Structure formats: structure tokens, C-alpha cells
């Protein structure tokens, strides 16, 4: 296996489980229960209790809270933004989640490699085009781009959510690449 | 004044102050006390109490918590990333904070326009080069780039903080541009 | 499954098997025997016997003939070039071949998403960097780039072979994308 | 102040005032009268009397002669081109002139950071889009781009003037960056 | 003459003429008869008989076989793709062929420098735009691009041929640049 | 001939020769004597006497005045900058001048297509690399780039001249492309 063996390239060892705040401990236990493991991004943050709990709260609200976007759609944005940024960690982890939620491994591959090739409903295509433009040339986004989203049925609040998810992965991708963060090996087989 | 008059391009009106959670209300009051106004990015988030408090917690820990980077250095990264992304909101708001913290309006202008021209200590130049590479081609970051930071004296934890700040503004810039978020007019004169 | 259902976007139906030249028929039978299917790129070319046999001869000599590069190394170049060009067909098909030849599915994922993250021997890293530069800015290749290959042990003939493989996939990727060519579904599970 | 202390990075000392041609001396005096200082770009050219007077004549005709474009509009083009080229000298100097002529400091900031965000009349937006395309991909300009200018009311001669101003700053920006030319400190406060 | 003196930068000497397969010998003789010389690209391949004959077969079928595209049109695509890739060898060799076939040296210069400036029939302009998009951003080609070709009269098979020629030169250009291949001096005067 | 028939795309007819200032008339006569024609760029400017004489003075001082750079070297910069900007007018006109001054048509072709391939003295290679960086990413030029020029023997004044020529053609190229300016047909055969 040619994947480096570290969690990240920085020597910032995770706190021992017992030193984590009880909320963080509980969250890790829930991950192990549901997924079978604690995602490495959380391990990477766990050298500091506050950073870890802030990240969990911030990320989960964006990806899991009630929204006009389904959880799968939010993961689709995650993968398409990560593909534009060529982020290994996020493509492996969120590509897996797309496969799992959609029960369609081919959809996962399409989004990882080139979503433009996929045969998607107009709504999802528009959402992914917008997220891509946010990633590659956000300063050129104009009212016409937002109107395009409204025309395929997105409400104001949905647009906020597209923006929030695409924004979040533009942060996460860059952090993961800058830190050389490695995904848990379990992701590779998930949902295949 | 040629600046659009809206808070953002979306019709997501802020909750009335009284409907904000008490923590959020308190935070807004503190802003008004210290700055004289509530930054528009917080107003923009204030259509939803949880989104608002998550954002405040996440952002403040990154920008204000104890760190090997000074608050000014974190704001310098914010401005340089925002310049690479050509984000009007963040350049106006964080350019102002750089002027205020540094008491050097020229430094603010240098970072907004082209930080490469500034006469900076090696440490800060390396930090800003790294943040720029994270912004424009994160997938090309390698161990050599991280070593460059260590060589000018950054500790592992400092590198995490550089990465976290640069990552955060790659999110914020894109959200602000995608939403056409407008800065408070007060920023324009701050620290001049 | 969100993959379009066509072979390519052009209406150029393959000749019936019986109308193929005997060499081409034999080649297709060998594919079915060895792989279980005829790769769609060959089906796509099979509207014309001469085009098909020329393509088979040209491609197979590059990828399978004796060389200082192993077959796996040539497939690694194929995937890395296809990643730079974001070619769905070639990433799916040659990503699968890398998994199969290397018996290392993670290596396949690393090359599909961002080979710079992989923990590769110097020789292979240099080979993939050269292939990437050929893909993104061939007009900037200089003697220093070729010397870099010699320094990690490549002979003159090996360098020709790197160049030939990287060149070939810069053709194939663009043809596949321009034609909206779809990979055989069997590739998705191959070597997992 | 983190701005380098030199006029330019080259050791080409200005001629003493007495060695300047009388026209050039008179021009410098007029600058001091009107602006309070001689712009550093002129100081930089003043190692040679002919270069200096040629530059003054060429620049002033473009920026100040009768035209269907107002002086402010020509300065707006100057700033927008300089923003695309990230030229510190020109953004500081001409950003100041925009503030002064428009009496609108916010307009200056909008053009320095991202003119696409400004709420501009169609005519000015078209003019700035054209100048930006000239800056980033002039070889892709076509009749459709010129027609776009005619449609918002520009006459043939006005189009020449847009082209001349945008062209001029594509020269000046590159010269200023290549020479590391530093703006006069007085610009920073002008028109605030 | 500032052109390097080698055939390519690799030490892979051509086989002596007598060691070439009889078909290859015959082909070289035909070149000398018709053109007055053997194109250097063929000399470069002639260190290996099979590579040479495969290349000849593959290239000639694409460029010379019956097609809805004239030979000149295929050469026009060759030049425009080579211009986008800034390939010296192919611009000199195929620029010469365009001059010769079209008997219009100016057309050759237009395609070498910037085909967008030429006054071309819609059909040829569409063909060259498509080939250019294949060269610079093939992953963004969509059904709309293919429909554009159909609208100006190209049949399915013609589109295949445009794709095949543009693909081929994206291979050849990169090989020529990577190998520092030098064109025969005779091309420079051909068709002037 | 596929070159458009106009002087530029704008309807700005040249003044009749008799309406030109006497200096401009004399200059045009000298062109006809020496070159056999008046360069179209001057015809294009000749709708206005002052613009024309300013342009002549400015351009001629840069290209023809005493300098540590030979006239050929200045024309080499002109061509290389024009190649980066893909400017048809300037590549045809100044490519011709390079052929004529150097008596080496191949040098002209090398600079028009890809100067990196030419076998140039270190001094000229450094000069052209600097001019290219000024053209494509002037904001990234640093002291190291200027030092590179000093190391191959350029004096401070020579560096100014490199900068002035490269700057000038970044203006001219963009104006010529934006105006669709057409070169005189005589250039095509000049110096062949």
C-alpha cells in the first residue's frame, strides 16, 4: 500500500481517549458504533478538545441538519469540490459516503473523476456547476449564477446550504492537502 | 456609493435581535461596544441561531485563541488569502483589522494588492507564501513546503494554525462572493 | 446508475462481429476470454476495420511490448495523465488495470485522485512528474527535465517509452472526453 | 511601514532637477503645485530627459485629452486593469485618483478588490469587462466583444480610447512590477 | 541558425537504412521522391522497425484516408492544436503543409499565430474551436459542443475524424516537445 | 487569403496624407522609402495627428535609441512577448523584422512558436525568460529575477530597456488584438 502511514504530516499526537472531553468521547464512541471507526480528520483535530468539538459542531450542522438538500446531495457537492481541488482524503472519504448513501458506486466514480459526464437531473447539475464555480473562480459569480439555481427550484435557504457545503469543503480540502492527512483504510471498500 | 445596498443577495432576513439566543445577543452587544457595529457576516448568519453560534465559535477559536501566531499574523493570512480569491467583503473587513492591529495602513494596502512587494521578515513571508499556495494549488503542497515553515521557526502547532486560518478564509471568501455579501461601511475608514 | 447508456455520443454503430476482419474478430475473442468483455474503446473504433486494427496495433505496442518500464508502470502513467485531463473513461478503465496488476487497490485510488500524495519510489515519482508536465505544459519541458529522468536510472529508450505512453493518453483522454465514451461496467469492480 | 524604501529596484538615480529639460522641470513644478509631489513613476523615468518627456506626452494624451470617456472612467479602467495584474504601484496611485475624482472612496475600494461586485451603470460595466478581457486573454477578443461596447453607447472613437487606456496600463503595471516601483506615500491618504 | 542540431534530445540513433523493414524502406524512398526528404519524426521513430511502421500506419490513416474532411482541413486542425500546445516541430512541419495544400501562405501564418483572427467559413471556424477546446479543456466538452459541429454540417463520421486528428496532435505535440524533436530545415521554405 | 480586409475593426478612417502634420508626413515618406510601405499600426493611429506623433516618438525611442540591447535583441523580446499574447499583427510584423535583422529566418520561426526550443546564448535566454514572466505573471517578479539578469551581464540601464520593450509590447499586442489590427501583406515575405 503506497499510502503514507501517518495521520497527518505534523507531529501533533491525538490526546489519549481518556483526556478527551466527555462529549468528544461520546462522539468517538458513536462513530465506532455506526461506522466501525473514528474518521481520521477527527483524530487529527483531537490534539485539542476545543478545536475538535468546534469542528464537529460546525461540520455536522452543515452536513446533517435539516435542509432542502438531501444528505446525499450535500455529499455530492463535497465530492465535486474535492475533485476540483484534487484532495485525496476527501475524495476517498466522501466518495465512500456517496456510494453508501446512493447505493450507486458508479455515481461515486463519476463525481470523483468528472461529474460533467454523469446523467444527472437538472437540479443536481446546476448545484454542482455552482459549487464548481465557487471553487475555481468565486470572484466571477454573479446574480445570473444565483438565478440559475432559483430557476431549477432551489429556495433562498437551499442556496445558502449549497454555498455553505461548497465553502466548507474548500476549507477542508485545503487543510487535508496542506497537512497530508490520510483517510482511514476502511473507506476504500465502503459501499462498493 | 457604488456598493450594492443589501446584506447578501439572498432573501434570508436576520432574526430580530430579541429572537436571537442570549449568547448570540450578548455577542452582538459586545461587538457594538468594541467595534461600534455588528459585522455583516454575523448579520448574514443570524437568520438561524445555531448556524450563527457555530460560526462564531469556530471563527473566534481560529482567529483569537492562544497561538504561536499573533492575532495580526492571522489577520495578515486572512487578507492575503482574500486577495488571491479577490473577495471584496473580506478584503475590506480584514484589511481594516490589519491596519488597526498593526497601526500601519500601508501594510494593509500591501497585503490587499500584492504581498510579494512588502518588506517582510522571512517568517511572515514564508507564512504568506504557504497560505497562497494553499489557496491556488493545495494539491501540489509537499513536505518541502512544510519544511520551509519549520526552517523559519514555526512549530508543529503553529503550522496547524497557519493551515487553519488559510483554510478558513478559503471557505469564507467563497461564501461571501457566492452570496454577494457586503461589508459594513464603517470598515472603510477603520485604522486609516 | 447515472452513467449515460451509450457507447459514445456519436451514432457510429459497431460493425456486426461477422463483418470484422478475422484478426479483429480474433482479438475480440481473446479479450472476452481474458477480461470477460471487449473494452468499449475497441467497440467504439469497430465501425471501421482499418481504424480498429491500427488502434490495436499502436496501443498494444506502447502498453505491452518489451520495455524498461513494467506494464504496471505504463498503466500508472496512463492513470496519472488521465487524472490531469479528468477523463472518466480512462480513469475507470486504467484505474482498474492498476488495481489488478498491482494487487493494491489503494494505489489505484491514489493515482486517480492525486499521485503526489502516494509514497512512491523516486524513480516512479520522477516518471509521473514528467508525464504530468507533458500533460499540462509540454512546451516548457527542457533538458533539465530529461536529465532528471536519467538521474533516477532511466535509459534513453525508457525515456522514449515514458514519452510514448504519456503522449498516447493525452490523445486517448481527449478522444474519450470529446466522444463522451463510456467504460464497460465491469471495470468498476475489477481488482477491488 | 513595510514598503521598501527605494524608488525602484534599479540603481538609476534621477537627474538633479537642474539637469532636467525646462519642459520637464516645468511639469514637475506643476505636479508639486497641484498634487503636492512628483509621482514616483515620473521620478523613475527622470534618469533620462527624452524617456521622461516621451512618457509624459504619451500618458497625458491618453488619460487627459478630450475623449468620450470621462477622466474618471479612464482612471476606473486603470484601476481595474491594475487589479487584474496585481500591480501595487498603480493600484495605490490610481486607486487614489479614483477616490479623488469620484469623491467616493468606496468606489475606489470596489475597483481595487473586485469591480464585478460594484453596482455600476451598464456602460461602465461593459467598459470594465472589455478592459479585463484585454488584460487576461486579449487573443480571444472578437467582434462580439466590440459590438457589446457599441450596444451600450460607445462610439468608434470611444472604443479606441478604452483600448488605449487598457493597453497603456498593461504596459505600466508590468513595468512597475518588474522594477519594483514604489508609490509616493501621499497617495495612501488621498481622497479618503 | 539557432535551432539545435540533433534529431531529438535522446541518443536513440536511427537504424541504418538497410536495417529497416522493406515496407519502411519503401516508405522512406517515397518520401524522398515526393517531398525531397524523410520527415524527422519518422527518422526519430526509426530506431525500431515496429514502432516506425505502426506510427506510419496510424498517422497516415488519420491524415490521408477518405474522410468528410479535406486533407487541408485535417492539416488546419493539426496546426491549430500545435499552436495551442506551442509545439515548434509540428508548427513548422504542418504550417508548411497548410501553405502548400492551400497555396495560401497567409493562412498558414494565421493558424500558427491565432486562428481566431482568420476570416474562415463557419464550418472551419467551428471545427477549429472544437479542436481547441479538446486541447485546452477536454473534460468540459459537452453535447452542446458536438451539436455545434452538427449544426454547421458535419456528419457523425466527420466529427469522429475531427476528434481523431485533434487527439493525434495532442499526442504528437507532447512527444515532439518532450523529446526536443527538430524539424527538417526544408520545411521553412516550403509553400512560401 | 483568409486575412480580414480592414485596417482595424473600428471605423476610424486615417486622415488623408495632406492633413497629416508635416512631421508625420515626413515620417510616412521615410517608411515608404526604407520599407516600401507605411506599417498599418501607424495608419491605424493616423486618424489623429497627436496620437500618431506621440506613438511614433514613444515607440521609436524604445526600439531604436542607443541601448545596451541591440536592435535585434529588442525585436526578439517583441516577438517573444507577442507569442505569449498570441498577437497576430505583432508576430507577423516583428517576426519579419527579426528575420531581416538577424538574416536568420529560422530564428524568427523559433521565437514565434516557442523560444524555449532555440539554442540561444545565456544572456538572450535570460532576457527572454524575464520578458515572458513579465507577460504572464508580472506580480510574481522578485529581486531574484532581476539578479538573474545582472548575473548574465546586463547593467541597470539594460534591465530598464528589457522592461521597457517587454512592457511596450504588452500594450501593443493587446491594442492590436482588441482592434483586430491587420499587418501589411508585405511583412509575410520580408527576410525569407
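Per-chain residue numbering starts at 1, and chain names A, B, C, D, E and F are given in the order in which the chains are listed.
The definition used in the following text is that a contact is a pair of C-beta atoms (placed from the backbone, for glycine too) under 8 Å apart; a residue touches a chain by one contact, two chains touch by 3 or more.
Given the structure is predicted, the values throughout are model-derived calculations rather than measurements.
Engineer: Any chains in contact with both chain D and chain E?
Structural biologist: Joint contacts, listed by label: A, F.
Engineer: Counting C-beta pairs in contact, which comes out ahead: C-E or B-C?
Structural biologist: C-E
Engineer: How many degrees of rotation map chain C onto its copy chain D on CA atoms, rounded to the nearest 5?
Structural biologist: 180
Engineer: With centres defined as the mean of C-alpha atoms, identify the chain lying farthest from chain B.
Structural biologist: It is E whose centre lies farthest from that of chain B.
Engineer: Counting shared numbers against all numbers at the contact of chain D and chain F, is it over half, same, or under half, different?
Structural biologist: Same; most numbers are used by both chain D and chain F.
Engineer: Name the chain whose C-alpha centroid is most distant from the C-alpha centroid of chain D.
Structural biologist: Farthest chain from chain D, going by C-alpha centroids: C.
Engineer: Can you check how far apart chain B and chain F are, centre to centre, with Cα atoms defining each centre and the answer in Å?
Structural biologist: Centre separation, chain B to chain F: 44 Å.
Engineer: Centroid of chain A to centroid of chain C, CA atoms only: how many Å?
Structural biologist: 29
Engineer: Using the average of all C-alpha atoms in each chain as its centre, how far is it in Å between chain A and chain B?
Structural biologist: 22
Engineer: What are the residues of chain D that contact at least two other chains?
Structural biologist: Residues 86-87, 114, 139, 177, 180 of chain D touch two or more partner chains.
Engineer: Which of the chains touch, listed as pairs?
Structural biologist: Pairs of chains that touch one another: A-B, A-C, A-D, A-E, B-C, B-D, B-F, C-E, C-F, D-E, D-F, E-F.
Engineer: Given the complex with chain A, which residues does chain B contribute to the contact?
Structural biologist: Per the stated touch rule, the residues are 9-12, 50-51, 54-55, 57-58, 61, 65, 85-87, 130, 134-135, 138-139, 141, 143, 145-146, 156-157, 159-160, 163-164, 166-168, 170-175, 177-180.
Engineer: Please name which positions on chain C make contact with chain B in the complex.
Structural biologist: Within the complex, chain C contacts chain B at residues 114, 116.
Engineer: What residues on chain C touch chain F, complex-wise?
Structural biologist: 139-140, 142
Engineer: With touch defined as at the start, can you tell me which chain F residues reach chain E in the complex?
Structural biologist: Residues 1-5, 83, 86-88, 91-92, 104-107, 109-110, 112-114, 117-120, 177, 180, 185, 188-189, 192.
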